[in-house]
Structure formats: C-alpha cells, structure tokens
C-alpha cells in the first residue's frame, strides 16, 4: 500500500505558488474542500486561475479568495449568488471563462483519463463555441473542447484512507471525482480518515492512484446555501 | 420509481432479432450475462454483431454462439483461449474487428454519454489506426475513434432493484457499467434482485436510468478460466 | 392569465408515465408538486441525484443533499447519487426524457437565451447549454413578456444564445405554444386570455389555426 | 543465461518505492513475486483492480476476482475495484508508473509487436496498445531470440506493431538493454553470457560502450 497521508493541511498545500492553476471541487457550497480553501486564504497566494463549478458566496468558499483578490481568472459554469464576483467580472478586474457544466466536468475527466479533447454538443451555435472547431457527426453539430491543465486539484471526500481511496456522500460528490488525478498533484481532504482495509474495495468511488496527498480535515462548516424545508403535518 | 423489472429472461429478450448488434458485458468468463447468452443460443438468432471484450471459450459464454455460427462479426480486444474462434477467423468465416481494450470500453462509454467520437493515443502507428483520422495534440499523436451503435446491451450485475439500479462485485464489474445505456435497450440480469430502497443510494454503481429491463438471473455457473491457487503453509 | 403556479400546473400535464425529468431553477422546480401521482416519474438533478423527493422536514435537512438550485432536498426509494460526469452522461446521452427550463427569450426557430445580459448580468449557463443541446424534448416555462412589457417570444433572440433550434414547446402565463417550422403555433389560451391578447404579446411569427381552446389545468 | 524466473527477478529490481505497476501476461506476472518487501508498490490489472495480492489459497478462489490473465487472485488492504473505463483512465492518464509486458519483437527505435502473426495467430491486443501508447516507462520482458533462434531485437519489426517508439528498456534471458536514439544500448550481461553472445543474438544496432557488467540478481 502506497501511503498518501500527510499530517495536516499545511503539509498538503506544499508547493502551491502564485499564478498557479487550481481545480477546486464542489457544487455551490456542497462538497467544497473547506480546509484547502481556508488555507489558500491564509497563504495569500495570488494570481490564481481557479477551475470550479461555482465561485462560492461572498463570505464563504472561493468567495473568500475573490474578496482578497487572490484570483486572476475563474473558469466556472455558474457564478450567481456572489455580488463581489459579479462586480469584479463586470468591471473587468476578474477574467472569467464560463463553460457549460457538462463540458467543465468532462474537460476535467479528459485530463484525468489522458484524452486531449472531447467533442460535445453543448454550446454549439453560442458564443461558447466561438473560435473553436465545429464538426458534424451523424447530422448533429459538436464543439471541440480541450482537456484542462492544472497544477493542483483540491477535493473533499466523506471518508478516505491512507492509500488515498475516497468515498463521497450524497450530492457532495459532484465535481470531486473527476478532478482527482486531473492535475499534477491531487490533494484530498476527508471528514473521516479511516484505517486502511476498512473501506469495502467494491464501494470505493476514487481509487488511491488518483490522489497524491490525503489529510483529515477539520471544523467543517458545511454551510447550506438555500435552506428549503416543509413543515411536519 | 420507474419499474424496469421483467418476469424472466424470455421477456427480457423481447425484440432481439437476426442481424442485430449486441453489446455483451464481461471480461473473459468473469461477469458475463450467462442467462442472456444462453437464451440467445436457444432463440437461435443469426447474423449477430457482438461487441464484447472476449469471445468466451469453446463451450461457454459467447463461444456457444460461435459454435452455432450465430455470430457474423465480433468486435473485441482479445480472443485467445478459443480454438473455434481462431479457426473461423483465420478461415474468413467470421468477421473480426480487433480494438484496443481501452478504446473498446471508451467507444461504449461515448455511446452512453452522448459523445460521437474520442481521440485516443492507443493504436497510433499500428494497423488499428489505418484509415482513421490522426491528430496531434501537445506533441502527441491521437486516433479518432467513433462511438458504438448497438441495438441491445446485455450486462450482468451482482445486485439490482426494480428501479434498474445496479451494483457489481469485484472484477466482475469490468465492461458492464460502460455498456449500460450504450445501446437502444439495456438488459441487466442480476444474481440478486433486492427490494427497492434496500440499496444505499450512495453505493449504486449504475443508476436505473441507464437500464430498460432487469431480471433475476438463474443457475449461474460462474466458471473460472484459469484457476491459480497456492497451498496453505 | 396564469401565475407561476398555474404555469407549473400546466407543464405538469406534459409529464408522462415512465419519464425521467430534469427541472431547471425557478418555475420548473414547482412542476414536481403537480405531477399526477398515478404515474411513475423520476426527477434528475444535474449536480448528481436521481429520484429526488420533496423538501426535507424542518431540522432534517442535510448539507450534503441538495439539488442544482442548491436547495436542500430528500430522496425517494430507488434514488441514486453519482458524480457530475455520469450526470451529464445521462443528459448528453439522451437518457433524460424531458427538460423543463426557464428562458429570457425564445425565437420562432426554437433558439433560447437564458444565461447572460451583456454588460449587465452574467450568472453563467450552468448545465443549461448541455441540457438544451442534448434533450429531445424541451419545454420552456416563462412569462410571455418581460418586466418592461416586451415580448419574450421573438423573431430572433437579442441576447446571447444558450442553444439553437432546440425548444419544442413553451408554456407562458398567456398560452401554450409549439415551435414549428413556420413559427410559434398557438395550442391553448390561458383562462381569460384571448387570441388577440396573445398576438399582441408575441413578436415572433404566431400561427393561429382554427379555434384555440382554453387550457384545462 | 536466465530462465523466466531470472528475467522476472531482474525486472523486479526496476520496481521502485511508490510505484503503481501494470504487469502483462506471462513472465511479467512473475515479477510480483520478487519485488523487495521493504518498498511500497501496488499492482494494477486493467480488468479493474488495484492492490492485487498473491494467488488465493486452495478453496478460497472467487470467480468474481481475477486478473487480466483471467487468473484467480486476492487483494491486499487498500485495494479497490473499478470498471474498465476508469481502469484505462489510470493507464491512459499516466497514473500507472511502470508497465511490464512481453513481446514477439522490439525494434531499435522502441517499436513493439506482440499481438498478431498474420495468417497464423491472432489473439488480439487486449490492453497492450493502450498501455504502450500511454505509459511513460515500459519494460519488455522476453527471450532474446525466438524458437527458431532468430533475434527478437530487430532493426525494424516484421510483425504488425502494437506501438511505436515506446519501449524504454528490455530484459531478456541474455541481457538488459536500453532503447536509445542510436539503438539498443547494452547495460548488463546475464550470468555466463559474453558480449559476443549478445551481439550474435541481436539483429538491431547494438551499442557496447566500455565494460559491460554482469547482472546482479
């Protein structure tokens, strides 16, 4: 068993530098690598390009990095619910590449899987396709989209072991699996680091080969963005 | 919950006709849809094109269909361990398209996922790439391979429910997941059909949306191709 | 004239037995509440869940269980979780039978715009571009006119597009329309709304063929 | 001269701490038995398992647990199962550090042929084409000559190729060789084998630079 465990978040972040490209897991605030993000704020690295479906909210998640102007460019599919983001984008302070959600995840997976590019129908006929190769297959039009290249991927899982094996919970899975192994170094933080051998090999979502560093995360806030409930009858 | 359960293998095979293209899950004899294959023999459909990593052995798996000359064309990555196969192929009675294993599974997944084609490095510079588009990305050469088109996919899972959700066991998973939803109709047979709601939604390998029919399989032989053991000390 | 709930109720009638349905944010989310309960339907959300149920009871919400609108949800028996990649395999691979989403504009050729107002508002397309480029069956739920009273059913969309030639049906507060080769074909009027009202509110080519029935909700 | 076990033992020394290794059928499979036990290594098999252990004890075999050679296996703590698609993501995505496989022929430019003898034998390429097109580090394990005594280290391969310019190192019953821009560079001799013996058995360009040490197993 190849041991991927590191002592803490600081050790896990070793090598992260200004101007790097980072993949950050999560959908909205669900399943985001809270420890890694908070540590990026503390490290004060600047000029970052972040590949992440969303940009957090004003005071949580990647919103914290936006607030401190640490992010040069965001590559995302949806960035609503974040006033500071919208302000920086409309004023031109922040570069933004908006990518259809399915394309975003598949450009991650392409990097993970050794594919240089994909043909997807998403965005055909829109400004997303401008300047890109278009091709017809079986009467339908497709856009050629390239695999991402990133320095670090930060993901969050529910359970993991020192071998780097990961299990996600509910819809906190989202973009995290496709980002594992999609950057030069993948850092996984887990709510619970369990002993090697205690996870069922049949039920592992991401095998350890895709993860370079793993650590036990701390103090998860797991904030809910839109609390919707019904009353008990 | 949308109910996919059918009473038995005969009902599951409804609509299978001569000259169709079938995907068949499994690796060697591991994880093959034994009930579906045996029923294809019984139905005596002819002129089939089979997409399957292997072709069974002389007296088991797809070898049974080869023996009865029901297969016109095999699309596989490895067809050793089958004398009748080799004879039919070398004599020209059987058409064979040999496809690199990673390409084979990804052409299934492309069909499942709505991708028309993929660029893969496998086979570049070999006869596999002949007549296909070659393209360089970042200094490396890739071959354009097309998504499969199939009428039926037959897969075998360990557990499943009437919603069509599937869980595979060990290395019997192999090609089965990528074939689910990759043909017009996907038929899953399971060792154990469990009540809906008894599978953990977090641990389902293939969601039911990819499966059109599911049934409880019978009399699994699960033959071992190469028994390798060590003596107890 | 219909309110948002009325639009949701009318669209719910388009949901058929055995359908897998993806609901967009806003009015489409409400559709789930009005689907007949004697048919089998499963709701998919592109962030990674199939078999969504109603909102959780107070105090039973789980931060790890949300829909694409980031709302807390529950699941029904037979549900499954999966990653974003497999989720868009369901969508792009046309395994989802019906997509219902909102729009800022729809053109008479079935183009749709719903993600950007240049210089003013950019929220992003989320999964909408994948959905409209892939779905066989797309219904748009929206108001017939914008806040300024201008038609949202146009000859050509003025805003950046989300997809081209993809919308099949539109349900607004005023009408049900089908997108045909010749333009918006009027199928039904909202209660109390005349064909004349709909003509006035529709900039794109409107086809009125014979008597137009009033919707039954 | 080495036997198959000797070749496996010599290749085992190429396996480094922290390596994920894919072993082909035949001699490569034997390598696992001779890797130092003070380093951390995991074996991947392309049919869908990472963290393979030894063969099972008699009576403990499981038909659902095999390697790519269809042999019954066991797993070690930390192992995982996955589908063929994710398995080839590991391979194609260069997450596997070392690939060891057999060959019928290797050319001095690093081309490899191991899947077909036209008109005579066609077993198929299995995962070999993906492995050789993707791996950064490929070691070929084979006999230096075929049964007819002809060299398998050639100027050009005569058989249909599996991959081009991909082989980095070759371990045969006679020698260890590195594939360089100028040809096969002789690194080590097998016990009892002279440089002259190796020259005779090598059709492709052989580079002998200085004293060639005998292998230490």
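As written, the chain order gives the labels A, B, C and D, with residue 1 at the start of each chain.
By definition in this document, a contact is a pair of C-beta atoms (placed from the backbone, for glycine too) under 8 Å apart; a residue touches a chain by one contact, two chains touch by 3 or more.
What you are looking at is a predicted structure, and each value in this text was computed from that prediction instead of being measured.
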item	value
Between subunit C and subunit D, the fewest steps along chains that touch one another	2
Winner on C-beta contact pairs when B-C is weighed against B-D	B-D
Identity of the chain that, by mean CA position, is farthest from subunit A	D
Subunit A-subunit D separation of Cα centroids, rounded to whole Å	36
Whole-Å gap between the CA centroids of subunit A and subunit C	28
Shared interface positions of subunit B, touching two or more other chains	109, 114-115, 120-121, 168-170, 201-202
Multi-partner residues of subunit D (at least 2 other chains)	49, 81-82, 88, 91-92, 134
Pairwise touch network: line, ring, star, complete, or other	other
Pairs of chains satisfying the touch condition	A-B, A-C, A-D, B-C, B-D
Complex contact set, residues of subunit D against subunit B	45-49, 54-73, 81-85, 87-88, 91-92, 111, 115-116, 119-130, 133-134, 160-165
Touching residues (chain side subunit A, partner subunit D) in the complex	1-3, 109, 111-115, 161-163, 165, 181, 196-197, 201-202, 204, 207-210
Residues of subunit B that touch subunit D when the two form their complex	27-31, 53, 76-81, 86, 89-90, 96, 98, 100-106, 108-109, 120-128, 158, 168-178, 205, 222-232
Residues of subunit D defined as touching subunit A within the complex	18, 20, 40-42, 44, 49-51, 75-82, 86, 88-96, 134
Residue ranges of subunit B touching subunit A (in the complex, touch as defined)	114-121, 137-138, 140, 142, 146, 167-170, 201-203
